[in-house]
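Have a look at this one.
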Amino acid sequence: MEKNYAKPGEYKVIDLLAVAAAREVNDGEVVFAGTGLPMLAIMLAQKTTAPNSYLIYEAGTIDGKSLHLPASVGDARCVYQAAVASGLYDVFGQLQRGRIDLGYLGGAEIDMYGNVNTTVIGDYTKPQIRFPGSGGNPDINSMARRTVFIMVQEKRRFREKVDYITSPGWRVRKWPGGQMVSRQEAFGKTFRGGPSAVISNMAVFRFDEETGLMYLDTVHPGYTVNDVLNNVDFQLDVSRVKGETEPPTHEELHILYHEVDPEGIFLP
Amino acid sequence: MGKRITVQEAVGMINDGDMITFSGFTIWRRPMAVIYEIIRQRKQNLHLIEVNSGTHGDMLVGAGCVKVWESCWIGHELFGKLGGNLDRKVRNGEVITEDYSHHQMLLRMAAGALGIPYIPTWASRGTDILNPEYDMLSKHAMRDGSNPNIPRQKAQWVEDPFFEEGTLIHVPAARPNICIAHVQQVGEDGTVRVWGQKYADEEAIKAADKVIIVAEEVVPEEYLRREPSQNIIPPYLVDAIVQQPWGAHPTGNFGCYEVDGPFVRDFYNKTRTQEGFDAWAEEWIFGVPDFDAYLEKLGYKRLQSLKANSAYKYSNEAKRGSR
Amino acid sequence: MGKRITVQEAVGMINDGDMITFSGFTIWRRPMAVIYEIIRQRKQNLHLIEVNSGTHGDMLVGAGCVKVWESCWIGHELFGKLGGNLDRKVRNGEVITEDYSHHQMLLRMAAGALGIPYIPTWASRGTDILNPEYDMLSKHAMRDGSNPNIPRQKAQWVEDPFFEEGTLIHVPAARPNICIAHVQQVGEDGTVRVWGQKYADEEAIKAADKVIIVAEEVVPEEYLRREPSQNIIPPYLVDAIVQQPWGAHPTGNFGCYEVDGPFVRDFYNKTRTQEGFDAWAEEWIFGVPDFDAYLEKLGYKRLQSLKANSAYKYSNEAKRGSR
Amino acid sequence: MEKNYAKPGEYKVIDLLAVAAAREVNDGEVVFAGTGLPMLAIMLAQKTTAPNSYLIYEAGTIDGKSLHLPASVGDARCVYQAAVASGLYDVFGQLQRGRIDLGYLGGAEIDMYGNVNTTVIGDYTKPQIRFPGSGGNPDINSMARRTVFIMVQEKRRFREKVDYITSPGWRVRKWPGGQMVSRQEAFGKTFRGGPSAVISNMAVFRFDEETGLMYLDTVHPGYTVNDVLNNVDFQLDVSRVKGETEPPTHEELHILYHEVDPEGIFLP
């Protein structure tokens, strides 16, 4: 079936974010999703390309078939027609056991290796801003087979070095000691994978397997490579750009606005 | 009915300086009636130790009840992007934060529930959570053993000798002095039933030395015992029982009522300054004598609009989004 | 219905030498239909790793399927005071035993389910269970890492550095290759519901790499999902599903049927000699082509007498005692 | 109310065992009980002197009010009107957490310090008999506040030294190393108590707080101190005998035979 793409102006940035994120899940996978865009992404994927994927919310529901979009992962709406409604011990245990394929995450800041900060701006011991903190971000990001980050594209958010590593990227602190080493070295035999994509409001980024460095993969319709470079605070590899991010189709937009979030919880 | 007490009496069981934990998840099923009363009774120097925090935790912080906040997350989900009071008080050095990850906090509570002093985990290696520079309880000389419930170390790194899988982390047990849990139903003797997601309630209740259960309704033990596999806690683990309908408002309660989003958002907006919080607390906490008066002030119409549909287990009528 | 297979196919998923575990508790809810078929297909060198064992385990031992028995208990409760086959085969040096305590075995399974290589415990200090002289897998040179699922040590002693409570034990995770669980209901896609006591089923299923669920009945997923808090396992953790009514006979099944005490007692009496067991197996296993033929041989009247009353969840008619 | 005691000949040894064991539980206590006599004891206690005690079966039921006597702890009958029906993780977790006051246990052999063997006769590595094994015996006996053992009185069962310490008494092996030390020394700060009574078909024994040695407390009606000494294979302290074990009352016997075990599962 030929795809009927929407043109810039016919969709909003958040629509493209949801659609691009949805395309990261493969059918049959077990997916951890947090509040907001991750919910839109996985629910869209379940209604299009990944109908047999399983959705876990970290508050303790597995494979729920919500009739109404939950506003958070602890929401009563998560439970409807779930396979299991339990609690954190169950779902985080499965995560640590290696049962989770993909996690959707967000962050306030990200660095060139995909380390994410959701804890503080400034020095942890005397911060300028105290954010909510890690939540399950570092747990999912250290124990799922791969993770996808959804971020706002700003220079102050795409930094060479984040103020605090809340969630581990491809070059991380190895404890005890704290030297920066590759994730593979830090995790050793229990390495399972890591951040596989960062999706911002301007572009999709991926990571070099050897160096662990972020590179530009596709640029969203309406933006240029330079737009991206102007909103990144480190030396970004743009040599591998594949072209434009695939825009949303009209069908995907219809599903998002009429089936996934008709009440406008996260969509405008 | 020897265990039935009032909200006021329940808060009387909490001591200044206690290490304390709660039921629920972010903005769901928090024991708010007790939270308000803790503030009203001006409890001091509490050490919150929580699998995750939320509206209730930030409220206690704003009211100056909290010395240490030990958890992984605080905020109000869709209704407030961070803990306004904690943000301000951390910036001002008025509250000590000790960060772990979500799974680490859960495992700490599970270890407490299991009666072991620590538990190994692979979670959140490679992060600054494990940076010894950021061990704030050490920095404040609180790991000297003077409080037996505070572990002497934040974490340890240990080699796996059994399967030779590498270096993993030992995180210490959480050992709260008291757990306050809001649930849907409790039996007259203390059997606890929770509907829907159980979050980390079972671990929090079992880890604590004292347990107060606040329930939407106290029901006959015989009724709950018809389906014992749906109950999570037996009577002898429960020290006191409080019946308080709507007791989790403004947080939500599966099968009972919705999160009161506008109420939480208003609270969050007020917390951007101490003056804002103080005025809010004056109106909603100090300005009313007790939780029933607070509910009266909210009014029938507002409460009714939050009430869950008994098939959906949530309100399918409440206006939630922009459309 | 891609996961539905036969008992014969289920046993085909088991490899000689596998480390294997089961649902149930002593003489309750054991996957007997699969046990009989394992014997019929003459599987070899199995390494049983069980929170506790019972009639099913002693049967596998008697049939020569078992190389290692790693658990804490074997017997038939009221119907046979020990595992007759294990007793004989251990005396003859034909089976290797590795003893832990009940809580230690449970924690080992829980550690396996949790994805950690070991877990600390205070259980059963001061006993010969921890005597290094009695570490039988070491004595048989099986802790050399050649089987990655066998830990390199039986246990470790470690000082608690967090609360300074003294020396505790680390027991290694149980990591079975496969778990065979008999339950009351499974959904078409694999959602598992267990009625009554859950024993250590959740831990055993989650610890194993492969999972086969045998159920009294396969039911619509939608039906089980109306009450998701009563389910314990989601579909993606289940590799195969078998529908086998009465599949736990002669062990009991909450809500379905009684333990067939006389059958178990007769089995136990026969196990006092190898010849006795062999004759028993010839009659009840090799002498019938499959489990349905076995049920036919037992006959309607016998099965009906075991059937549970749906209010009591057990048979209130079966003659049990001496009066 | 005056007690109406039964005379020897009006009751059987097993009746006395159940009654004597029932008297070890205090009202309000949380009790772990195994299959058989322990069930008779706790259920009798609940119907007489300890109506507010809580009964846990290690398979995973808490405070059940069985209509029909369970034949084992995994029995469907355990669940009826229970506060919680869960599993081993729950109840053993509570045990380790220090929530259990009393455990009722049995054994094949016991030594002068209360060490119990339920594993093998002979050398563990080449035994003469392989018994069922530990079950939860050592867990309950190392983590409950106190335990009561119910045993058969025979010379070969009351030994100076057992072939294998399955369950720890008052002088036990301290690992690593294995030297015999007092239970208090072996358990250190996590010492909670230990075996407080052994009830046999002839007598009740207790343990000296200082030495950890078993001594004779009371002798059952119809038996003499010499009968006991003839059935013990070590130097038994009989200097503290308080007299006769209190016999069953007619009321207790009635409850046992008509309310607790009317079907004759464990009683004759």
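Chains here go by letter, A, B, C and D, matching the order in which they are written, and residues are numbered from 1 within each.
As a working rule, a contact is a pair of C-beta atoms (placed from the backbone, for glycine too) under 8 Å apart; a residue touches a chain by one contact, two chains touch by 3 or more.
All values reported here derive from a predicted model rather than from experimental measurement.
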{"item": "Chain pair with the higher count of C-beta pairs in contact (A-B, B-D)", "value": "A-B"}
{"item": "Distance between chain centroids, defined by C-alpha means - chain B, chain C (Å)", "value": "39"}
{"item": "Centre distance in Å when chain A and chain D are each reduced to the mean of their C-alpha atoms", "value": "57"}
{"item": "Chain A-chain B separation of Cα centroids, rounded to whole Å", "value": "27"}
{"item": "Numbers and ranges of chain B residues touching at least 2 other chains", "value": "115-116, 121-122, 164-165, 196-198, 229"}
{"item": "Multi-chain contact residues (two or more partners), chain A", "value": "61, 79, 85-86, 95-96, 143"}
{"item": "Chain contact topology (line, ring, star, complete or other)", "value": "other"}
{"item": "Chain pairs in mutual contact under the definition given at the outset", "value": "A-B, A-C, B-C, B-D, C-D"}
{"item": "Parts of chain C lying in touch with chain B, wherever the complex brings them together", "value": "115-122, 145, 148, 151-153, 156, 160-165, 168, 170, 172-173, 175, 195-198, 229-230"}
{"item": "Touching residues on chain A, where the partner in the complex is chain B", "value": "35-36, 58-61, 67-68, 71-80, 85-89, 92, 95-96, 119, 124-139, 142-143, 164-168, 172-176, 178, 183, 186-190, 261-268"}
{"item": "Residue ranges of chain C in contact with chain A within the complex", "value": "113-116, 187, 189, 191, 206, 221-222, 224-226, 228-229, 231-237"}
{"item": "Of chain B, residues touching chain A in the complex", "value": "24-29, 51-52, 71-75, 77-78, 81-83, 86-87, 90-91, 93, 97, 99-104, 106-107, 110, 121-134, 136, 139, 157, 164-167, 169, 196-203, 252, 254-255, 258-259, 261, 308, 312-314, 316, 320-323"}
{"item": "Contact set on chain D toward chain B in their complex", "value": "30, 54, 61-65, 79, 81-86, 93-99, 143"}
